[in-house]
Amino acid sequence: MNDDIITSFTVSGIAISVIFLVLTILIFTIKILVRLLPYEEPPPKPARKAQPTAPSDMDEDIAVITSVMASHLSQTPGNFQVVNIQSR
Amino acid sequence: MNDDIITSFTVSGIAISVIFLVLTILIFTIKILVRLLPYEEPPPKPARKAQPTAPSDMDEDIAVITSVMASHLSQTPGNFQVVNIQSR
Amino acid sequence: MNDDIITSFTVSGIAISVIFLVLTILIFTIKILVRLLPYEEPPPKPARKAQPTAPSDMDEDIAVITSVMASHLSQTPGNFQVVNIQSR
Amino acid sequence: MELTFSGAAIQILESTGFSAIVPGQVVMLIVACVLLYLAIWKKFEPLLLLPIGFGCLMANLPMSMMMSTDDGGLLNFFYQGIKHEILPPLIFLGVGALTDFGPLLANPTTLLLGAAAQIGVYTTLIGAVLLGFDLKEASAIGIIGGADGPTSIFLASKLAPHLLAPIAVAAYSYMSLVPLIQPPIMRWLTTHSERKIKMAQLKPISKKVKIIFPILVTIICCLMLPAVTPLLGMLMLGNLFRESGVTARLHETSETHLINIVTIFLALAVGSSMTAESFLKLETIKIIILGLLAFCMATAGGVLFGKLMCKLTGGKVNPLIGSAGVSAVPMAARVSQKVGAEEDHTNFLLMHAMGPNVAGVIGSAVAAGVFLSLFGDPTVPGPEAHAAIEAVVQSMVQR
Amino acid sequence: MELTFSGAAIQILESTGFSAIVPGQVVMLIVACVLLYLAIWKKFEPLLLLPIGFGCLMANLPMSMMMSTDDGGLLNFFYQGIKHEILPPLIFLGVGALTDFGPLLANPTTLLLGAAAQIGVYTTLIGAVLLGFDLKEASAIGIIGGADGPTSIFLASKLAPHLLAPIAVAAYSYMSLVPLIQPPIMRWLTTHSERKIKMAQLKPISKKVKIIFPILVTIICCLMLPAVTPLLGMLMLGNLFRESGVTARLHETSETHLINIVTIFLALAVGSSMTAESFLKLETIKIIILGLLAFCMATAGGVLFGKLMCKLTGGKVNPLIGSAGVSAVPMAARVSQKVGAEEDHTNFLLMHAMGPNVAGVIGSAVAAGVFLSLFGDPTVPGPEAHAAIEAVVQSMVQR
Amino acid sequence: MELTFSGAAIQILESTGFSAIVPGQVVMLIVACVLLYLAIWKKFEPLLLLPIGFGCLMANLPMSMMMSTDDGGLLNFFYQGIKHEILPPLIFLGVGALTDFGPLLANPTTLLLGAAAQIGVYTTLIGAVLLGFDLKEASAIGIIGGADGPTSIFLASKLAPHLLAPIAVAAYSYMSLVPLIQPPIMRWLTTHSERKIKMAQLKPISKKVKIIFPILVTIICCLMLPAVTPLLGMLMLGNLFRESGVTARLHETSETHLINIVTIFLALAVGSSMTAESFLKLETIKIIILGLLAFCMATAGGVLFGKLMCKLTGGKVNPLIGSAGVSAVPMAARVSQKVGAEEDHTNFLLMHAMGPNVAGVIGSAVAAGVFLSLFGDPTVPGPEAHAAIEAVVQSMVQR
């Protein structure tokens, strides 16, 4: 019983040491990490017209829309054309 | 080892045969199915006024709405009447 | 077999008795409960201006909004002040 | 390992279902397709009969390892959730979260209508014994009249697991037939003037009563009939999630994705128990007939007790709401509304019928509790359950 | 099988709970109702205390087969998820998905406040040993001061499963009392001028850091304290689902329906372990007292370390944010905000307190890891777990 | 129990992972980080590779008890869901709920393209045997070319569970590389004029056909190849939930939270099987090479069969849609669209490619069924599964 009490102090001491050790290591890791990968201001959003979505993406979007519309209207895709789409 | 290689060719041959057999059966099944149950153009949606929801359904809807409103207003359903509801 | 049939009548009798007993007890329990805790008309909702949300709540809301805005604008909270918020 | 082309072809041919299919399985495949047809095109309780039918389909494809008794199979895994009575209580958690006991609390005497509808359960019990079932089986069959799927499955898995498939299928099929079965009986047993009775407006109920109710029901009913606690307790917990107002997250999950997931598993497991050996028997036909009897008697019991209440209250109760006591929420209450409105289209019975309707859920659970008190061993799971668990463990160890 | 009317009546009467209820169960039913009252009307952590209370209610209805120790019972099935340490890590997956470590990353030294608050854990350990608990039990009790329910349940199930019920109830009860327990201690330990300190704006953190952080924490902490991996690893995985931006589906499920389902099962299982034998003991009262001590010491530890940091930084840290190191996210941070605003209503401590607040979650997990390193056997589950599994399998085979 | 300060410090030190880590684990931790990097920054199938990578990370932290083989560990529990073939069919339930078989039904001959792409599976089988794998292993490796994760995991867990980790990782990695692997092969095997072919508009399909299709596929395919029923049956059940229009609740749950929960468990379990012993072997490199071969051959098979169909139909079929037969829905169909549009930006192949794309899913399942017919024992789970179950039960009883 008496032993247990002594041990409990030992355990407390050990445990507090370990916990501060572990979290201190974490602190330094975070500090290094934040130093290495600093926050960068996101570039101001350019006007829409100036920089459309990458052409390949837009082509694919048009493809999807055209296919679905053609399927829906029961027409061949050649009968109409999606001229321009804008992402919102 | 050598046996295994021969067997692997046998297996490949068998397997390709089986897979084409199974999927060919599926193809014919689908073709028959589509022939038996052809797509039918859905009838053009009639104007709302001309064809309201089935009377029994609407009656039930009115019953629900009336009951709930009566319960909410703490009145008997006789005190007011739901004249008309329209589905959107 | 014959025994089973007699028993089945016994069981039915017992079971119907028990079920009515249990549910009758429930009925009286509910009646007492409803008597003890009658429905109270909720007080008419006061006008918004007259009774704003409890000050402590609003202060906390302002704190959250200010902190988040400060964080977002990368400014110290002292640089601006949230004067008033209204719950909708 | 060496395979010649012809040897491999023979092995594949031997491993196809065609080499092993037996006539019983063909019949069951047709039964499965009929269930799917009823679920999809006739909209018979599709949330349950569709996966039950599909489970039956998979279980009867020979050598597919999808029978409820196939150790190590996918549907056997789900079936353990029925065997060990885990899935039905979870369904009831969701049902409780979906149920508003307000109309019942506003007119608590309608609980008696929920009790009266259980008469169908007990008369069917006698009928089942007359047709040669033993008392445990007869109890499990009778509960079909309770019109509660999870309760039927729960009781069948405890008292007569070998009859689970036909009982579950009959229960859900007849539940979906409520709009066809009930009206003629209701009209036959009531007079024009009775059907025209307008009932007084329900009083509002305080939030506190709604919160305390599920707790009290659990204490009272489960003290009197302990064996029904998993079912009734979870039903009431779901309702407490709903009414307490402080557990919105748990309420939402219980009544949506949790009950949906459990429904998929439960229904597939029930379907997987529809094997030719267990289903294509004279007993199944008897059960289907008895189930119909149970529904009719339950409807009649409710309506007749409604007539008695009508008399005793001096005409304040419309007997048509009695038929809603079978549960089958909310369809039976809608039937009461509809039959009443046929007589007088300004008569709104729906909210009044919701009282006996939810009372029927409690009533059937209590009825199941009575059977478990009489025939189940309350301190240990039934012998069938033991055997099942033992079999599972044995098979796992032996392999 | 033959039943006379009176014979059946006696059997039903004997199978009611009334015939078997013992005074201890009556007391526990009252305890259950108190828990439900606190959850519903006092809003004490209702998402957990409501189902815990209801589980306790069902478990103490005699012969209901709902105790955590009832083999084959529904809640015993859920309880296996605690015994085998499956449910607490899944809760932590959801907690991680809900947690924003941004404020912690912006001011990493606040991790030390999360460490300092664990002082409450260790002083309580000593107190528990003084009150006669052995070291394993004392560790499980001490962790109440960590103010993290899943961590407490995880550690208790490993080191002292017989104390699970009181530890879990104490942990969740005191967590909900944070707004009452902490402010007096915070005011008593700090000066007016300290409480008025305004802290510098937190710097923004890059997305990459937020993504790498959970991975690094897992590697570092779990290498040093392997036994805590199920808990801390899943916490960090949930956070990675959140921050990675490529797993929106998994993130959404983790933080909504998955955590809700697991919460229902976990809380019911904890409640089902609140039997009269395990709960109505002197130990429970000791645990409740020790739990309060743990919370107070944790708060004091955090505030005092905050004062130290205030001194060392030349007054840049407001000591009030130290109390948030106990975790109890986000309530403890709100308490810091509120006590600070009482002094100067233009002082906005909330975001600053979120750093130590989430640090407290990591801190408690690390503290639990230290205990497991000392008292648990890292390569195999603890003896209690073995015994539990063995008992389950034995009981399955024997039946 | 007595602990001195230094004694305790030593015990903690000994219980850290640092004392036990071996070089193989360090390598695997790096592999895990690479997987996380590919998932997060390169968006390689992140829904699976992120949790797989994190599972690998946790499993390779020494003494963390997170390996798939650690009895009683959290991830071992999830792993049982793979061992007993529960999780892959549940994933397929969700996949079926997400899949529209309309384009396939409108042009059923594209099923042959889904068959042709399986040529990659079988040529890889031969390659694997040449590299020294036995026939079961070779089959499990070959199926990587089927480009279906759940099918690969299902087959590997039955035929070669020791190769599960590399097969699963290879399958998901290459699936995400489809946009890089396929285009050069497609361009190399087709002529300019072929790539410019415009296909006729797909005919619309009646709702009834869409409903009957999953039922018929289940009956036909599972009768012919019973062992694939868990996978194909659940896929078709999910599709029936979608198309029947009467089970919206089950459809929604299947395609969202159920598949998400199962994905988390499955991916973590797969990751937890990536231990140094099982992964850092020459076999893994062979499997990765063979997997790439399988993908290339599958693509080539599809395109070449597309050329054949083009010839036979007098130029009505664009061979580019053949490559979509590998499955990897919908990425492979998008690749067909993209390569076609490069040639002529008014050519819209997407919807046409969706037919072979979903046919590829059925094709791979059928291919897996053929292997199971040849090498699996259809009436009982494979020997590895037996051993696994036996081991679990043994370890549970012994403890």
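Note that the chains are named A, B, C, D, E and F in the order they appear, and that numbering of residues resets to 1 at the start of each chain.
Convention: contacts are C-beta pairs under 8 Å (C-beta built on N, C-alpha and C of every residue); 3 or more make two chains touch, one makes a residue touch a chain.
This structure is a prediction, so every number in the text was calculated from the model and none was measured.
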Smallest count of steps, each to a touching chain, taking subunit B to subunit E: 2
Neighbouring chains common to subunit C and subunit E, by label: D
Set of chains adjacent to subunit B and to subunit D: F
Remotest chain, subunit F as reference, centres from CA atoms: C
Winner on C-beta contact pairs when A-F is weighed against C-D: C-D
Distance from subunit D to subunit A - Cα centre to Cα centre, in angstrom: 47
Distance from subunit E to subunit D - Cα centre to Cα centre, in angstrom: 38
Distance between the centres, which are taken as Cα means, of subunit F and subunit B, whole angstrom: 29
Shared interface positions of subunit F, touching two or more other chains: 1, 3, 8, 12, 134-135, 204, 224-225, 256-257, 370, 374, 393
Multi-chain contact sites of subunit B, meaning residues that touch two or more partners: 4, 7, 11, 14, 18
Contact pairs between chains, per stated definition: A-E, A-F, B-D, B-F, C-D, C-E, D-E, D-F, E-F
Interfacial residue positions of subunit C with respect to subunit E in the complex: 3-4, 6-7, 10-11, 13-14, 18, 56, 59-60, 63-64, 66-68, 70-71, 74-78, 81
Touching residues (chain side subunit D, partner subunit E) in the complex: 84-86, 89, 93, 134-135, 211, 215, 218-219, 222-227, 229-230, 233-234, 237, 240-241, 244-247, 249-250, 252-254, 256-258, 370, 373-374, 378-381, 385-386, 389-390, 392-394
Residues of subunit F defined as touching subunit E within the complex: 1, 3, 8, 11-12, 15-18, 21, 29, 33, 36, 39-40, 43, 46-47, 50-51, 54, 57-58, 61-66, 72-74, 77, 256-257, 260-261, 263-264, 268, 393, 396-397, 399
Residue ranges of subunit E in contact with subunit A within the complex: 104-105, 108-109, 111-112, 114-115, 118-119, 121-123, 125-126, 128-130, 132, 134-135, 138-139, 203-206, 208-209, 212-213, 216-217, 220-221, 224-225, 359, 362-363, 366-367, 370-371, 374
Of subunit F, residues touching subunit A in the complex: 1-5, 8-9, 12, 198, 200-202, 204, 334, 337-338, 341, 345-346, 348-351
